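Common to both upcoming complexes is chain A, partnered first by chain B, then by chain C.
Up next is the complex of A and B:
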């Protein structure tokens, strides 16, 4: 049984990974010593602010900043008329006179203090001409709809043609013509706010002597932030330096508005030749930062009466808002759309549609939370139509070792999903409870249990090169310094990378120090996203550590008067193999290594083997390997009030190799809370493109009081693709949770929910309708 | 934030004097509502008059058949009061469902009724308990029932220069409070119901107060529902009649936290739950 925990059931023979060590950044965070961008102060620093659009779609007819510029304490006002380049790197606008959503900005101000800044922003005179706007996918696709982007070669009407991705396998039309039944369903999801605790903040510090612009920011991806800054100032990357500060949460979101904020601060810093700090308020952050993509998923499923899936077709339409830079998400979406099932004929089409609403971007799961909700509900409804037990249906069709997944990739690595299911079902009593609850007598409080199973392609896969740089060096005192182009976003990568280097060198993690992210210290290693850091990003520090270790072994061999192959480094000591007392401490060898002028630092590059995937054909080997998972949710539904009390969530995840189990558990706890919010709590209320739930008194993220009991079961498997065999977990932690909760609500009430979130208000409305239609909850619940 | 002067006073007389001198002053105690309004630019007071250090305005005491709660008594103090747990469970429960521990440590009961939010948590139990607000001005002290003191959203009968001293009500062990929020803590009410009643040895209801929150422009006394229960021994039919009357007592609207439909279809439910809890509670 490859299950981690309880006395470490799997022993992979590691010394420093595969166990919990304290997070390297925990002490600073819990004592309040960690510095966030908003905490920084520089001599002569100004405060910057932005004038956001009061309309969802408008053209500025006239803008006059003379009065604002004349105010005491105001040091610079820049309107869209004052800058050379309106359109940003990444397709947004730095400043613009054409406002396509309420997060667009017409002007920015730098002032001596907060009061002067507010006065300056208020004194800018702007005359707007409001334009007709589109908010929903239906409105945007209607004939004659107003265009969000006119004359844009990337658009067909409001469809973002650049974002079209597809999968083609077999012949769905042929299969539909011959299968016993066809099931058609539509499911929807709504936007979700990341709700990171730290809103966007940046401090731009100019150096007029060197021409260097340094930006300190809580940037989730400093190299992307650097692109925005270099682009707006029109200076080389080599003159643009982004130093990442502690990131107060991101979950994929601290990217676009972060980059724009850094760019706007840099514009003001350049204009005033003084440091400028720009803070985004919570309300501005919610209004202007990206959200999880709202999906409309239109399915057509062909199935035979014996339950065997014959054909799967889906059209996934995303409301991407006014701007977008995430076309690649649709590659991931297309590959994962059918779920962890084996289906001979598959046709998937995914595309985005522009509207005048808040923009969509990366958020934990990057399409999977939506798709798993849609497809798992679809399969549940299909089983009900066939009169089959839904687990029989799922087990019959699930992807098995040696099978071929929906995008045509032969599954040549271990698939431990059956084991995960068996373990979790036994732990929760799933199958007994499921039947019991379906048959429970009518009552106000109804119990339900539900499940979702899923897989996730690890790393970036065929989406883009999953390459990264890693650096390791030793000092003459035996301390080790490491660096990476992958950055800490709160996920714990500094700790896991430290453990990986400790394992590779075989020295204690206590002597290893992570430098942190500074774009002037190491090459651009792409985005820290896609749950790729530990799996792929750490490969480069591992390679660097291996090479450095070889140099150190040479020095030790010289000291032992032996050959390098006769020496080993084990837990901080160099041993002459076969001679028990011949031992030299790591520190002593490092000292000699330094003073004899040996190579003490190594930077290595890692790029995983190429995959064979065709975007044009829509199929092939999409990811080097996949991580499997299952979530079981138990709920109590108060049918009188519509309240869903999530009582318990049991999560089983395939980690490949567990690097640090406590960090993984922490990731999973947070993932459950986010999934719960997505399913039943977090409703973003918009009116004419304005977000009304623009702070945490109205936008309901779960509190500790709402937290269910969470039982985490970690599984390990054998797979060579990731660092020491590790697989992704940061995103899988949340991906299946909403689907499992919705499945549990179905079990409790008999309601097939086709749109989430379903808060108590929506659920009560569905229950009222169910009552009005005459079917008691009990009758409908029987499968 | 705007600029303001912050001034603490240490006696009721000093507070009244300052209020007379500075008619635009904003009285503040815990500040959980006032700072929010200032931050959002809805209020720009020149003077914040801090009354949180006036000893006479603090505390919960039982005296001559009444429970008195001083205006600057914190929700945390109410939420941990054994006296209220035994003699006014509706208010005790409301305080325990109020926001979160941090907010309860600052927020005061006086502030909660002065702010007069339609969804405020303490006015419904106070209305159900038949509580009166004590108001002091240089001219003297007056008392108003809470449901008359509250006029509408953020509007009260408080006159310029007048200060809320606190509330008083008679003990009512048979009382209960039910809240629906969009999460289990730190949630502004979607709706609340409070029930306070007395019954004789035969179980006949001899007095009752019922009130709702967030189901109208202010906390509402449910007169029709009360009438349906008074002098009756609650049977299924009596209770059904009372639940039916709830719809005539409330004026729900569509809002950010709930729809009119939701509120109409659940107000009877929370009333019934509060009623059953109050009726069956043992003294």
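Up next is the complex of A and C:
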């Protein structure tokens, strides 16, 4: 398939997708009119706040809120002693006397203004008994380690038993016994802050007449948020309404702390019978929101001297922090652990370990950025040990059309990875530069080029039902209204879905209006995550639009005195096929459609065909299709300071069908900087479970001055599993970037980096050690 | 205390507390919520407004310091529902995702280009380095500002083409 882009554009014959149209929410966002939860005001509204734990692990011995309650302007104080249930839906705690990390909350306050709120929080008297804590997986797994959760049937010691996932293919032990070489390595990654620009905020508005609790929140999953609110108030879902406000970024993160914040605001709203706005400060957000899981990856690889991979074994241990609700991540992790390679024998074990640190949750990639870093470095080290060119090694072992992937899924759809590699290598001069840089004389500034290749199962796959609701209706004036249980987080899905409905009906996207998420308007469609929205979530609005179109064709046929199959709707006009002048505008048909009482709205449900995967056996068909990608990074390493200047990043992604190229490019640019942060910038510093880098003055995300030259190449392919053939891009955009940068640092310095992020402090230390061990040996190691 | 400012061209008087930041007064008292609080320490730039021609982080400026000043916020850009060309450029170049940082970038760019209409791409990149964006990777934001700067720099004869 050709590339998508200027002068070489694919023509899939679409009228409204496969091209860029302006975002449907752009006007509200450039004028400042878009309302985020923190912008809302209601009559009589109070401000809510929470008292977070000052310890990583502690028991509250005594709590007294009498003084706080007596303060002027304080309208409610609720401690863990005042609520019916501490433990939340999703395994966190709403309020608790047992504090398992610094994000836990003992009490909440509602007050007339900010000053009264702070005074109220300060006046709560709490006596804590500090408990021994565990922070690393090693500490948590040590004999006799303090337990984060005692007497919990979900735990074996500090291991979270529900989080165990595995893959089994062939017989690794047999293969290890017969292969030429065995390579063992361990790689690590550290937690990453989502750093969405909008901190969590929620406004809970009670209605004592109807008993309805409405919460306005910047929630990534309004249905999860609704569960938290309904659960803590002990009211039915049908009496709990979550209206999603404009979300100021999520990247998987606005889920746990968001839901808990909504629940805490709702508790205060219920207690005071007044609206309560709860704002989370940036410092609180960084302390209490989830982070990308830190991974420890222990590999054992069996390979023959000719470079052929024989066996792949890995134990992936995640530090999940004090609480967790993402056991499903480990399904994805287990399937993707070996990367986009064909290996006959595979054994993967993934599990999480509880500690008294910040909790881990979904973050863009959902295990893949960590695993791609680990496995791509592993293969690079293996090639070096074999004395092979690492691209020869990778090409030899890469997954090819008709092959079987690591979890035993036969790859029956198109694999365009070779074409992506060839294109990117030619664009960057990869192979020449790689050799040239490996031979560069030792100097202050060393150049390097590196690559990572990867694939990603699209949607939720066998993880859980990838089902969603979609709604489309027409009005008598010809305007169209659509909605979906999938939600806008800033990624652009409202625009993409609008284009998909435009394409299906064949009307201009300008007449289509997207309602937006409100749990009282459309059924729970699961979480907007896993890059599933366009691929699978849009299928339901497409189905609804198809059905509605059929009804409209009947009306148009009646008006033409013809049969529906003689009529077509094309670009806003109904045509009687074969009669050039017989044309009726869309809005005229919609008007007649309405006044003749025809069905004008359709809600449809889409659930993709079941996949044949066994969690017990650890194998099978895991995903309906996969998106392929490659990233090439070019860096300059300052050997005096250890600073890595990422000069250029070239990305090639398999989009299946591009829905909106500007939106896709925006996803990729943002994904590159997030990957760059993961590799060389973003160091979350923790001491005794407290995050020291708790604002943007110390937690360094990329600014415009860190921006490399980014070259994006979009590829299309033929697989039809996704909506109009679309594949995922939100997470692929970032997942291979860190691995490519680390590969480039290897090329520049000869250093195999086994733990990321490698900020200048860590890299300088590695370079110093390399110097101490002898510069010439290091140069020899640079291939 | 009383604060007098010219907000988006209109004289405004507000009763404020001495310790209130300009951002707090704009958002809570004057109900101009286009400027956002992202960090509260002047690092993210979501609160950027133009104060007497300079882009400033309104979360780190006391409102009381702004007595008699002209304050321009995102709400002051579009006239009669007609977008400012810089807003238009942000839309056309896909420079918006979640939108939380967008107003801050536009205000920073506006102040830069009012001071230096022929700013280069490098100067634009440097000028916005105090504004953080986690979604876009900055590329399309820089493209948008550059396109607007290029339109500003065109000789008058070419305008309207």
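Here, the second predicted complex is superposed on the first by the 774 of 783 C-alpha atoms of A that agree within 3 Å, B and C clash if a C-alpha of one lies under 4 Å from a C-alpha of the other, contacts with A are read in each partner's own complex, and residues count from 1 in each chain.
In this text, contacts are C-beta pairs under 8 Å (C-beta built on N, C-alpha and C of every residue); 3 or more make two chains touch, one makes a residue touch a chain.
Just so it is clear, the model here is predicted, and its values are computed rather than measured.
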item	value
Contacts of A:352 with chain B and chain C, given as first, second, both or neither	neither
Touching partner for A:681 - first (chain B), second (chain C), both, neither	first
Partner chain(s) touched by A:491 [first = chain B, second = chain C, both, neither]	second
Which superposed partner A:764 touches (first chain B, second chain C, both, neither)	first
Partner chain(s) touched by A:692 [first = chain B, second = chain C, both, neither]	first
Comparison of chain B and chain C by chain A residues contacted	C
Touching partner for A:641 - first (chain B), second (chain C), both, neither	first
First, second, both or neither for A:705, with chain B first and chain C second	both
Partner chain in contact with A:656 - chain B first, chain C second, else both or neither	neither
Chain A positions touched by chain B in one structure and by chain C in the second	696-697, 702-705
Residues of chain A touching chain B in the complex	114-115, 640-643, 681, 685, 692-693, 696-698, 700, 702-706, 759-761, 764-765, 768
Of chain A, residues touching chain C in the complex	20, 22-23, 25-36, 38-39, 41, 194-199, 246-251, 281-282, 489-492, 662-663, 665-666, 668-674, 695-697, 701-705, 707, 710
Residue numbers on chain B that touch chain A, as the complex places them	1, 3, 100, 180, 182-188, 190, 256-259, 261-262, 265-266, 269-270
Touch list for chain C against partner chain A, complex	27, 31-41, 43-44, 46, 73-75, 77-78, 83, 87, 90-94, 96-103, 106, 125-126, 128-142
